[in-house]
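Notes follow once the structure below has been shown.
Chains: A, B, C and D, in written order; residue numbering restarts at 1 for each.
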Amino acid sequence: MKSIISLFLVLAILVIIPTVDYVFAAGDEPGQYLDRRVVVWNLFYRMMTVAFTVGAVVSGTIIWLCWRFRESHPKATPTPYEKEGVW
Amino acid sequence: MGHHSNWPEWIYVAVVIALMVWVGAEAWNAERLIEHVPADAEIIKVTGQQWFWSFEHEDGTKEIGELHVKVGHAYKFEVTSKDVNHSFNIHDYVVLMDAIPGRINTVWFAPMEVGEHDIQCREYCGLIHYNMRGKLYIEEDTLS
Amino acid sequence: MVLELQKPRPIWQIMFSTHHTDVGLLYLITSLAFLFMGGALALAIRAELFFPGSQIIADSMTFNRIFTVHGTTLIFLFIIPFASAVGNYFVPIMVRYKDMAYPKLNAIAFWMIPPAGALIWLGFADFTWYATPPYSIISAPGPAADMWIFGLKILGISSVLGAINFIVTILKCKHPDMSLGQVPLLAWSFLASSLIILVAIPTFAAALLMLLTDRLGVSGFFNPAMGGDPIAYAHLFWFTFHPEVYVLVIPAIGMMYEIIPRFSRKPIYSHSSGVFAFVLLSVVSFSSWAHHMYATGMSFTEKTVFMIGTLAAVPASAMHVFNFIATMWNGRIRFATPMMWAVGGIALFFSAGAGGVVNAAMPLDFQTHDSYWVVGHFHLFVMGTIAFGSIGYLYYMFPYVTGRMYNEKMGKVHFVMSFIGTILVFFTQHVLGLYGMPRRVFDYPPIPEWIAMNQIASVGAMIIGTSMVIFLINMIYSSAKGKIADTDDPFDLGGKYYYPFESKNPHH
Amino acid sequence: MSEHKQEFYRTTPARTGKMMAIMLCVCLVGGVIFFSMWDFWTSNPAPVVAQMAGAKKIESAAVATGKTITQNLKFIESPDFRTLSFNALPGEDGHNPTINASVGDKIMFNVENAGKSFHAFGVTSDAEGFAGVIPSSAIHSASNPLKPGMSGSSEFIPSKEGTYYYICTVPGHREQGMVGEIIVGPAQAGEAPKAAAAPTGVHHDFSVNFIESADFRTLSFNALPGEEGHNPDFTVKSGDEITFTAKNAGKSFHAFGIVSDPENFSSVLWNSAIAAASNPLKPGQDGSVTFTAGAPGTYYYICTVPGHALQGMKGSFIVE
């Protein structure tokens, strides 16, 4: 149950809150214009958090994979296909 | 060949597609906000020419290489070029619009702080493209 | 039919031969020559940008010419000919046919490359590999620009002829009892990229002709002074060149599909998902070309259409990455040099793709368009994925082509230095682009952050440069005096595994 | 084993060596050819540049000596959109009014888009087509046209006799009827322009250097603004013979010429041009020209490369 809550928390921070405050922020009267920099950099940082988490997961998997399934790993076992020596 | 189950692959592809939909929706929403030009924006005509920028304000004053604007006002740039493609870019304010001869592109921004920023050319335009740079001065609004 | 082998065959017999292995060898040597020539230009650029101000290169005209020819050479004279080299050598064997479908056409397609390379290198044009009008019409000087246009025209014809040859070989001349689904994934990657070439290249051939007549003043297609529109050229160019960048990356992924199952001692996780991903990618690649033109004043809806087209291509590439990881799972992996290059290539392929998603998002493109972020992004593709996959496959096919073994230690040193160098250069350039340094600049203002990042990038480039020298020594020495390799199992993976020249994959 | 066991070629050290040798000498020959003709490859601009420079002789906006004529025009379209015209449809009176003016008159155009589609306005001397529009006379442009109901104004000062055409610059609209004539007669009133004096036999030798500031932003002659000798003035008598030598001491390309109005850099007077915008002096090159000073007046010597006069390469040249 706890993981679901944390997942929704992350989702809320990344998605819902920024979109809501944009809807109110888009001012048009003089003196209250929308600041381009904020919109772009905000979106950039949010996408970077997602990109780096996904990147960490994928490159972490690759690194662990190469470490665990390397030939010289103590627990390395021949693959079933090696019996007939054909893969 | 697939005598082993494929469900991890389908989950992975579903997650990737979900991420792409999120990116697309966020980008669409942010772009919609940025493209909306405030009605009372002052128009500045920007002309790119081989290796310098020239500006013309609404009241007709012309400036070469330097642009003086006032804090708190919205400005709409009408960007065009006289000879080859250039690209008008104020990096600090994420203003970027190509200057293409025979075509007028518009981009707007509303500076909120006083300051001095670089204007540069972001499209290859020949010999001195690397130094086709200008200066943007955002000054205190003396009138209001 | 056993071909009688004269030892060693005279050189003219190889140069004028139409046998797929000889034409493959000719493609290989030409593409490696152009790799080193293009790489030298890259080192000149990075050396110049080490300090602000001009140190090594005389003036910005020479610098502009250097980066133009650097881009044109490495894309058209290294990547595509190297892919043709691998394709010519292995596809006929993989589909168990004696030669390519049209051997003479194969030789013609190759012999167009050296003259086109000569045209580009003798002219040394200065209008970027993208030849933007109106600059390329009214400002680009001299015969250099026209020579570049003719060179590209010939290269376009050569890649179309090669594509026809591959498609007919794979579809029509494959062994009768091998169904299309059993054709190995390397051959599938060449089928997919050849289909894209057939559809994409003609548009650029037309744009080149129009550009030439504009320069002669006969027409005014892209010349605003004569009523033309430069944006028309941008559309024609990118309609060809975004699918073309997929043409460049698909064979490299196909090569990884050969290496990774071999060294994991395990068959590919899912052959059908690899085939599906290749076909999906070649179809979707035609829907995303104008994300290169967000900044030319396109309307909001137009940008949205092309953003969606771009994002649609991401799942196809992600499936390949999954396929590789799933293949390595539960394998017993021997990290010989080819495997190192392949795994390094996938990691960089993933980070290049992630960077690309940022470019595709419309508002972020205002930040990154024509900045060093874009330079870093596409170099992660061309160097990180394509060069790594190609060089990995070169090490993999080395014992098979030359009958000798390369020096394993030098190969690994080459990989480690290139990998570190690539990360140093191209990840730093992403950040440099966010700080606003525009692309294609001979010199930059002395902003401290820019200087620091340019210096890191230049150091990384020097590391890659030295590693390439080790690579060259290894290749020349080992092909002449390397120890004889047993071509049945050169990497002694301990199995009579399926190896290309066996051409009968018992596993299917 | 597959039924056709192919015998495969192996490379041998000798063959690899020979192949490398061939590749090497091909590259060397190419390198020798390239570096020996280093400048040739980027020496001559595309043929279209010369054509465009020739065709695009923008009118020199003469000084407005004559009277001012105002002309109100409305873009109108026939219900079926097939015929377009100004003020009135063909057949009705007031259709595409012809304007009679003389050299030096200022014609003020007030133009309104009373139709439903987009239009733009401009005056050109070309008999047909939408190119060659004189910049000062244009209102909006084909790519940023007047929307229905919008209006704009511009002015046009004919500098030589002949027929000009006011047109809608949106491609195709001129052929559909949106064209009217401006017939320009000889200059009447106003002070008669002084004739050039007979050659006096006096000879002057002047020389200037094109120089650029380090950041290329300011360009000038002999010395940068603020330094001594910046853009020197030259005063001669009408009819004197003058030899100007100009040396390009900068990094960019330059060319020299005497003009009456620095804005209009392509109409060089008394063929006093050294090189030209389409074929400029390269860094380090120099050139000279000999000409006789024409009618008295204040003129300017400038760099005729577009934009350089604007950036400071302009000095006064007074003929008494």
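The rule is short, and it goes like this: a contact is a pair of C-beta atoms (placed from the backbone, for glycine too) under 8 Å apart; a residue touches a chain by one contact, two chains touch by 3 or more.
Computed from a prediction, not measured in an experiment: that's the story for all the values here.
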- In terms of C-beta pairs in contact, which of A-C and A-B ranks higher? A-C
- Item | Separation of chain A from chain B, taking each centre as the mean of its C-alpha atoms, in whole Å | 28
- Message: With centres defined as the mean C-alpha position, give me the chain A-chain D separation in Å.
- Response: 55
- Task: Provide the C-alpha centroid distance between chain C and chain D, rounded to the nearest whole angstrom.
- Result: 43
- Task: Give the residues of chain D that touch two or more other chains, as numbers and ranges in rising order.
- Result: none
- Name the residues of chain C that each touch 2 or more other chains. 61, 138-139, 225, 267, 357, 361, 363-364, 366-367, 507
- Residue numbers of chain A (touch at least two other chains): 36, 39-40, 43, 47, 54
- Query: What is the complete set of touching chain pairs?
  - Reply: A-B, A-C, B-C, B-D, C-D
- Note on the structure: Seen from chain C, its contact residues with chain A in the complex are 261, 264-267, 321, 325, 328-335, 343, 346-347, 350-351, 354, 357-358, 361, 363-364, 366-367, 494-498, 506-507
- Note on the structure: In their shared complex, chain C is touched by residues of chain B numbered 1-2, 4, 6, 8-9, 12-13, 16-17, 20, 23-24, 26-28, 30-32, 34-35, 50, 83-85, 87, 89, 91-92, 94-98, 100-103, 105-106, 118, 120-131, 133
- Residue numbers on chain C that touch chain B, as the complex places them: 60-61, 64, 127-128, 130, 132, 134-135, 138-139, 224-225, 229-231, 267, 269-273, 295-297, 300, 303-304, 307-308, 311-312, 314-315, 318-319, 322-323, 326, 357, 360-364, 366-367, 369-371, 436, 438-445, 507-508
- Note on the structure: In the complex, chain B touches chain A at residues 19, 22-23, 26-27, 29-30, 33-34, 36, 38-40, 72-74, 92-95, 109-110, 112
- Would you tell me which residues of chain D are touching chain B in their complex? 141-144, 215-217, 252-253, 306-307, 310-311
